[in-house]
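Working notes, structure below.
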Amino acid sequence: MYSKFPHTEAIFILIEAANGFYTKNWMPGTSGNLSIRTSGANEPLNFVITASGKDKGALTPSDFVIVGVDGAPIEDTEHKSSAETLLHAAVYQKIKEARAVYHVHTVQAALLSNYGLTDGESIRFRGLEMLKGLGLDTHDTEVELPVLENSQDMLTLSQQLPHRIHRKVPGFLLKGHGLYTWGASPFHAKRHIEIWQYLFEYRLGELMLQGVPSSPALHSVGS
Amino acid sequence: MYSKFPHTEAIFILIEAANGFYTKNWMPGTSGNLSIRTSGANEPLNFVITASGKDKGALTPSDFVIVGVDGAPIEDTEHKSSAETLLHAAVYQKIKEARAVYHVHTVQAALLSNYGLTDGESIRFRGLEMLKGLGLDTHDTEVELPVLENSQDMLTLSQQLPHRIHRKVPGFLLKGHGLYTWGASPFHAKRHIEIWQYLFEYRLGELMLQGVPSSPALHSVGS
Amino acid sequence: MYSKFPHTEAIFILIEAANGFYTKNWMPGTSGNLSIRTSGANEPLNFVITASGKDKGALTPSDFVIVGVDGAPIEDTEHKSSAETLLHAAVYQKIKEARAVYHVHTVQAALLSNYGLTDGESIRFRGLEMLKGLGLDTHDTEVELPVLENSQDMLTLSQQLPHRIHRKVPGFLLKGHGLYTWGASPFHAKRHIEIWQYLFEYRLGELMLQGVPSSPALHSVGS
Amino acid sequence: MYSKFPHTEAIFILIEAANGFYTKNWMPGTSGNLSIRTSGANEPLNFVITASGKDKGALTPSDFVIVGVDGAPIEDTEHKSSAETLLHAAVYQKIKEARAVYHVHTVQAALLSNYGLTDGESIRFRGLEMLKGLGLDTHDTEVELPVLENSQDMLTLSQQLPHRIHRKVPGFLLKGHGLYTWGASPFHAKRHIEIWQYLFEYRLGELMLQGVPSSPALHSVGS
């Protein structure tokens, strides 16, 4: 299904992605972590991930660790991998085509996780053209983004995760914490981050316009 | 009325424009498409347009297709043109002086298309100096931006379009989708995007200030 | 009181200032105009000003005109000076120490001019440390920013202006239009733009928090 | 506990930090000031600080002063140190591990200092993962940011300060003025600014969503 991915290339892609997200204020205060799966389809899982506690606007090639399925570094390193490395591993194990997993802390993701839940455990989006960028055929469908309770117990959280995420919806929120998303390539993971963030800003705008009536559907094309 | 426009120049102008819009978060997640009409006044229509699914912050000269009036590529290409190419073609056919058509996905455009309709099918702007940048003589007039129902049936939508757009108002919204605008040059299309976006941010601000009284007109100049 | 200012230096300062303001979205759609007084204290007024209709993010040295007290170009030029050049001239004539006059179109300035008037003709700011940057000794004082009705009759407006502006408050708003400010150097004019814009964002934030109680004064220092 | 810090390195770090904060609009209109303690643990306090009234987006190495515990310049200089230098000195004296003190003027800090006080004299944050970046072990705890009445009497304010700030919470607000924060290195002070600003934007979002119900806790991990 997919081949090995060179470590050096992975690191340079992640430096550039992190810098772009930092500039947009999506990874403030050294928050978040980005990874790329470097193992091929029939090999034991390993991936390159940002080391813990680094300024995401100023990463260098030495600010990364290579870890295995248990989240522990494969090589000798001075760096700590983040405890959240386990969540990256859980995504890679459940979603076989995920090549990159990106986790960011945006203010909008945190607000929506506390104020935007459609039912008790997810946020639903519908009727927006931008949904097609998540891989849907039409804007006229519904996407349900899972929201999980935040925790410092990453092992338990990583065991819950496979029951809540799906191949068709590339992402989940941790409550009061941030967004995880992924894609079949780093390009797709970056695209998905931008789309979720657009959806979050749209929904927050809707919540702030509470009391302003929404317009009914117009005359449809072809009707 | 207008002459041919060199393909290479068109491509470099579009790369720079797309990068600027991407940086402002107006083309997130590979969304939107930009085109320049390259055919002269008495030739069959053809135009250069961004290929489908490209990161608008990282376009290269190979990320474009040259298409004809039916939206199909004129030359052999590995790229797909977007289905929305038909809407660009419809604008060029109706608005003879349009040299460039720019389509962006801003959060504000999507919100206003659902919450800001003055009547059932348009958004009206009045009393803002910035309106003059759309080609009006005075701020003290009214501009009506058409809003069309979104659809995945681009052929039908492209057939409806000529009945809704006008030479005097360079733009329309697709509901829950985004903005199309155009101009007599790429310079003017860029100016119009910036002006519409200013107007959208102003109107959203007004909607969020619901309940705050607006000030009456002051003593007029010369009165 | 002040000496001549070299044209070339003025032009390079204005290019850099305009580019910075454009990047912040304060001069969208070719809006606004910036000028520097180049004549010395005992000479007839002349100043360098951005030509009409130029992209403020991409100015070149040829995008400027040198004008006199009547707003008309002093030298042969292909460029039009903006009708608003008369307002720059009116400021330079009334405020003798003004070396630079900067005019920008921010969404926040336009919103406040319509929704933020404290009484019928001005906006008052009080109690903010940032006010000291306008030249005040303390934050604990009041600044009154005049707001004038917008008009396309620039001659009449330029005649009204001297009755509304003051040396102590470097700025005024045109309703639904934008901000004018000035300073004893281009450095000071830029500082004043940034301070007014901060004050506008603060006041809009206050208006959007309507219903949220403000906190009373804390125990004062030294009390 | 800590060694000397070279002046030249301190100045270059502060230029880069100030430029980054200016770009984010956190130091508009020459506001704010940044410092690094250059003296070692057992020496009399001295530190490098931005000179008063400089554009924070265009600092040069000559825009700094070296001051002692009384806030007065140690060397001959043409520059004035800001009156607020006394507050930097007060922080360095109370918080022995503070290597850098950063003070910025953000609109959000000023708004919260007037509209976001949880009780009369502080703002409380709880339940956000980002709190861990302030040095806490878990998101599930409370941080109390002190808010002090603003004043132009810096001497008295600097004497009050030690009674209000604590090692465990790196920061305080001045009402209607801005944020002070610090860290064991310039890296940590920058991280803390970004985290406080995230927390301010989150809290303002909450205040603007007044009336929107917040979601209850989800099923906890491990429960």
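In order of appearance the chains are A, B, C and D, and numbering begins at 1 in each one.
One rule holds for everything that comes next: a residue touches a chain if its C-beta (ideal position, glycine included) is under 8 Å from a C-beta of that chain, and two chains touch if they have at least 3 such contacts.
For clarity, every value in this text was computed on a predicted model and none was experimentally measured.
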| item | value |
| --- | --- |
| Relative to subunit B, chain with the most remote C-alpha centre | D |
| Copies subunit A and subunit B - rotation angle from C-alpha fit, nearest 5 degrees | 90 |
| Interface numbering overlap (same over half, different under half) for subunit A and subunit D | different |
| Whole-Å gap separating subunit C and subunit D, where each centre is the average of the chain's CA atoms | 31 |
| Subunit B and subunit D: spacing of chain centres that average the CA atoms, whole Å | 43 |
| Contacts with two or more other chains, residues of subunit A listed in rising order | 208 |
| Footprint of subunit A on subunit B - complex, ascending | 25, 28-31, 55, 57, 105, 107-108, 110-111, 113-117, 120-121, 147-153, 156-157, 160, 174-178, 204, 207-208, 210 |
| Contacting residues of subunit B [partner subunit C, same complex] | 20, 24, 127-130, 133, 137-140, 187, 190-192, 194-195, 197-198, 201-202, 205-206, 208-209, 211-222 |
